[in-house]
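Heads up, the next two complexes both have subunit A, just with different partners, subunit B and then subunit C.
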Partner chain A sequence: MIPELGQVFLVAALASALLQFLGGIGLFSRKNENIEAFIERITMFQTFSLLICFGLLTTAFLQDDFSVLYVASNSNTALPFAYKIAAVWGGHEGSLLLWVLILSIWTFLLSKDRALKSSPDLRIQSLSILGLISFGFLLFILYTSNPFERLLPSPIQGRGLNPLLQDPALVIHPPTLYAGYVGLAVPFSLAVSSLLTVNNHQWAMHARTWTVLSWVFLTGGIALGSWWAYYELGWGGWWFWDPVENASLMPWFLATALMHSLIVTEKRGIFNGFSTLLAITAFSLSLLGTFLVRSGVLISVHSFASDPQRGLFILGLLAFFSGSALIIYSIKQKKNKQEKLHPLSRESLLLLNNVFLCASAGLVLIGTVYPLILEMLDLGKISVGPPYFNFVILFPFIPLLFSIGVAVFSNWSNDSKNLINKVSPIILIALMLGFAFTFIYGWDSLLTLIGVFLALWTILTGISPLIKNRYSINKSTNIIPMMLGHIGLGIMILGITVTSSYGITFDDSMNIEQTSTVGDYEFKLTEIGKRNGPNYLAQYASIEISKDGQYVETVYPEKRVYDTSSMPMTEAGIEANLFRDLFIAVGEDIGGGSWSMHLQYKPLLRLIWYGPIIMILGGLIRVFLGKKQTERHQ
Partner chain B sequence: MIKKSVICFFVLICFSAIKANELNSNDQIRYQSLIQEVRCLVCQNQSVAESNAELAKDLRREIKLQIQDGKSNSEIKKYLLDRYGEFILYEPAFTQKTLFLWFSPIILLLMFYGWFRKIGN
Partner chain C sequence: MLPRHKRFIGILITLVGVTAAIYLILTSFQDNLLYYLTPSEAVTKNMDDQSTFRIGGLVEMGSFKRADGSLKASFVLTDGIESIEVNYTGILPDLFREGQGIIVTGRFNKTKVFIASEVLAKHDENYMPPDIHALEEPTL
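Our next item is the complex of A and B:
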């Protein structure tokens, strides 16, 4: 009964999404007030229907209703309660349902945006476009990926959830990331509806807060994913340049660019076309990410060809939404106001940085799809992995990081006088600190020095408004978010540079009571044993860590074999503080009571996640203050 | 720092003396970076350093043996390439078909710089 009810509400949501679109284009009434009242109600109804759908699917999971195909493939009776809930979005169908649910929540929130009510045309059109996007994806769900599909006769036991996904971080990682992905639909719809209606730069003011909010979610989602990969995938890496990761990184680059471009568009009324284009491409890359992850094309081009329905459908949606948005852009976009920019004005520097961010997104895109294209052209299978990305990303990122710091000191509208005088003391301090840093940690390479210098430079220029506000930075709601954003970025870059340059990895075979040394730390294997988990069997080791003979901590890395999968999963033992992580993973039994152990010393690793937390904080402050400010403007 | 690394080095030397099948510290570093550049062919997308699969274990053993035999990184990569094809290396070789891939940073930066000038003026 529950799945059928879910089906009904899914169809109801589909119908209301269509009505939302049709109402928006004025099919039922020409009067703005009528349309607005209608859309508000239908939006609420759609969100309500999808919430019920989601609740019903969750109920099916909690009741172990294996007559539902999706439940049978992603859960079983032994699964702990919390993971039964997380399993709702652990597979393809459920995660798409989450996608449209989040879209409808964003739409609902946009319909409640008080500031936007002053621009009824913009408001109606953007809600209408969001309705169309929702309609497309609901159609996709009903047509190819229905989570409520029955499996008859129903099996006694389900297949269970992928053990990799049985982790607390997975409970929040996908929803957070999706909120970011899908949130970019809001600036997209505002940009396109602006082109269709008022066609001026007014949309930028409304889009800013929404863009920052989706950026916050996107940043959080990516950071959570990286953290999860670090402790769950078992080998101490925190970024793999996996196509799935890249799919989230590309929209992040463009959302960051959009956020900054919108500042210029709102403040100075220029770069309207550029901002519009960024809003369109950022959401398009979100759709492309959805396609890459959901079509199966990443495993192999051929696996995509064997079940092309899903992939082709998303590709169709992508082509339709980006294509029509770009066509509308090319027809409607007015020529830029001809205004000569001063090369060292804040406008120019922001534009330059945004261009570097676009180039970064472009590079990641090329690296991600290149092997797919070669395979499609029958030119053989190649891999494009970390060595490639780590190298090419330096091209846009080194100049970008440098120019971020300069931009902080620049003025609007004209060349900042004695910009060089202003920045050179900070460059000197950052350089000196950089040298001191590489002296303490030991010389590694020029690239390490550059990385440390750029990180410190970004942090110092981020802090500088606080020390002295003489640097012509207007007191505004942007200053604290800007500072936190830049400081967070610098801290993250510092963590990345130091951990990659000074980290030590050591594989050793150890017997009981034997000690292995990595850096300044000694690791002593004191015990090897077995224990039973709720749905797995674990082989654990007990490792005593000490430094210069002083006891530090005992950790218990595990190797788990889940009931539903033969592949062993590594649960690392991690001892962490602000300055370093010690990471231990159990390898194989190599006979004679000897075990292979994977030991790592990772200095400043935590900064890679503390940085984004600070950035997120900045973003949240911006959302909070920005909302108030826009409302005051009305 | 120097003192510590010297001690560290000697400790490692002692260990390698005890265990004949372990690598010395330089080779250990080389081994660690090499296994991260080699793809586990039977896995979703993991290097042989990260994977628990049998093939990954075999490849790790093979790479370790070749390092102990005194083979250079490029000799080992050549061996893997001949045996398993281009797919096995995470760093794509510089060939005709990867020309665009390797030049893309320059091409993109030039392209976007042109765009920047166009909008800026």
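Our next item is the complex of A and C:
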């Protein structure tokens, strides 16, 4: 009964999404007040229907209703309660349902945006566009990926959730990332709606808070994914340049660019075309990401079962939405008013940085899709590995990080006087600290020094408004978020540079009571044993870590075999503090009483995730303050 | 300066920038591209001992060898047509076992033994390297 009810509400949501679109283009009424009232109600109904759908699917999971194909393929009775809920979005169908649910929630929230009510045309059109997007994806779900499909006769037991996904971080990683991806639909719809209606830069003010909010989710989702990959995938890497990771990174670059471009568009009324284009491409890349993840065209950790028909459908949606948005843009976009740009004004520097961010996204895009295109044209199979990405990303990022710091000191509208005088003391301090740093850690390479210098430079210039008190902190809602954003970025860059330059990775074969040395640390294998988990059997090692003969900690890395899967899972043993991570993974019994062990010493690794936390904090403050401010303006 | 000149300079700078960027991408592509071959292709293309590439195939049943307590392993990778001997020193992935589809990265040595620097077994027990799909069905 439950799955059928789910179907009904899915169709209801589809119908209301269509009505939301049709109502918005004025099919039922020409009067704005009528349309607005209609759209508000239909949006609420759509969100409500999808919530029910989602609730029903969750119920099916909790009741172990294996007559539902999706439940049978992604859950079983032995799965712990929390993971039964996580399993709802553990597979393709459920994660798409989550996608549209989140889209409808964003739409609902946008319809409640009080500031936007002052521009009814913009409001109606953007909600209408969101309705069309939702319609497209609901059609996709009903047509190719229905989570409520029956499996008859129903099996007694389900296949269970992929053990990799049975992890707390993975419970929140997909929803967070999706919230970010989907959130970019809001600035997209506002930008296109503006082109279709008022065609001025007013949309920028409304889009800013929404952009920052989706950026917050995107940042959080990516950081969570990286953290999960580090401790769960087994081999202690935190970023693999996996196509699916890239798929989330590209919209992040563009969302970051959009966030900054919107500041200029709102404040100065310029770069309107650029902001519009960024809003369109950012969402297009979100859709591309959805396509890459969901079509199975990729060889990746994330590519589970696949179906070519699904890929084509999403590609069609992508082509339709970005294509029509770009066509509308090319027809409607008015020429920017010719205004003299001073090369060292803040808007010029922001523009420059946005170009670097777009270049970064472009370079990642090329490396990600080039192998796919080659394969499609039957020109052979290649893969573009981490060396490419690690190398090319430096070219936009080194100048980007430097000019971020300069931009902090620049003024709006005019060439900033004494810019060199203002920045040179900080450059000097950052350089000195950089040298001190590489002295303590030992000289590695010029690139390491540059990385450390740029990280410190970004942090110091981020803090500088506070020290120099050039702005009174209350005067601008942007100053604290900016500071936190930049400081967080600098901290992350510091972590990335130091970990990559000074980290040590070592595979060893170890006997009981034998010691292996990595950097300053000794690892002693004291015991190998077995233990039973709720739905797995684990082989564990007990490893005593000491430094210079001083006991530090004992860790217990494990190798688990889950009941429902023949696939062993590595649970690493991690001893972490702010300054370094020690990471041990058990390999296998290689005979003669020896075990292979994977040992890592990673200095400042934690900063790679602490940085984004600070950035997220900045973003949240911006959302909160920005909302208050726009409401005051009304 | 006339606006015309200004535009000309602007276009020139953009052109130079774009050319430099393309050159940069192409060269780093050249250095970092990994060809992905099946064992048959690796044999017929007669790859030399200079080029690094990837091979995807199945680990042949009964081919896995390792001395006790050593990290050095050797096994044979096959696509049912051609077989290649692979040597690897290090920890093999969790899903590595005979009969499983895997991907190795590395190069041939002088005696046409493939020295792998990386062994990947994908995190899905249903995973098959591309092009090995055809092989999967008859054996099951």
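Note that in this section the second predicted complex is superposed on the first by the 619 of 634 C-alpha atoms of A that agree within 3 Å, B and C clash if a C-alpha of one lies under 4 Å from a C-alpha of the other, contacts with A are read in each partner's own complex, and residues count from 1 in each chain.
As a working rule, contacts are C-beta pairs under 8 Å (C-beta built on N, C-alpha and C of every residue); 3 or more make two chains touch, one makes a residue touch a chain.
Because the structure is predicted, anything quoted here is derived from the model rather than measured.
J.: Putting subunit B and subunit C onto subunit A via the overlay, clash or fit?
T.: After superposition on subunit A, subunit B vs subunit C: clash.
J.: For A:E588 in the superposed arrangement: first (subunit B), second (subunit C), both or neither?
T.: A:E588 contacts both subunit B and subunit C.
J.: First (subunit B), second (subunit C), both or neither: which does A:L96 touch?
T.: neither
J.: Quick one: classify A:I42 as touching subunit B (first), subunit C (second), both or neither.
T.: Touch partners of A:I42: none, neither subunit B nor subunit C.
J.: Regarding the shared-chain residue A:L262, is it in contact with subunit B (first), subunit C (second), both, or neither?
T.: neither
J.: Going by the contact rule set out at the top, does A:L233 touch subunit B (first), subunit C (second), both, or neither?
T.: both
J.: With both structures placed on chain A, which of the two partners, subunit B or subunit C, ends up touching more residues of subunit A?
T.: With both complexes superposed on chain A, more residues of subunit A are touched by B.
J.: Touching A:K381, do we find subunit B (first), subunit C (second), both, or neither?
T.: both
J.: Regarding the shared-chain residue A:N162, is it in contact with subunit B (first), subunit C (second), both, or neither?
T.: Once the two structures are laid over each other on A, A:N162 reaches subunit C alone.
J.: Mind working out whether A:D507 is in touch with subunit B, subunit C, both or neither, as first, second, both or neither?
T.: Once the two structures are laid over each other on A, A:D507 reaches both partners.
J.: Overlap of the subunit B and subunit C footprints on subunit A, residue-wise?
T.: In subunit A, residues 233-234, 299, 359, 363, 366, 370, 380-385, 387-388, 392, 395, 507-509, 567-568, 570, 588 are touched by subunit B and also by subunit C.
J.: Under the stated contact criterion, what part of subunit A meets subunit B in this complex?
T.: By the definition above, subunit A touches subunit B via 233-235, 237, 240, 242-243, 271, 273-274, 298-299, 336, 340-341, 343, 348, 351-352, 355-356, 358-359, 362-363, 366-367, 370, 374, 379-388, 392, 395-396, 440-442, 505-509, 516-517, 519-520, 567-568, 570, 588.
J.: Across the complex, what residues on subunit A touch subunit C?
T.: These residues of subunit A touch subunit C: 162, 164, 233-234, 299, 301, 303-305, 359, 363, 366, 370, 380-385, 387-388, 391-392, 395, 507-509, 511, 559, 565-570, 585, 587-588, 590-594, 596-598.
J.: For subunit B, which residues are in contact with subunit A within the complex?
T.: It is residues 1-2, 4-5, 8, 11-12, 15, 19, 21-22, 28, 31-32, 36-37, 39, 44-47, 49-50, 52-53, 57, 85-93, 97-98, 100-101, 104-106, 108-109, 112-113, 115-116, 119-121 of subunit B that touch subunit A.
J.: For subunit C, which residues count as touching subunit A in their complex?
T.: 21, 24-25, 28-29, 31-37, 54, 66-71, 90-95, 103, 122-126, 129-131
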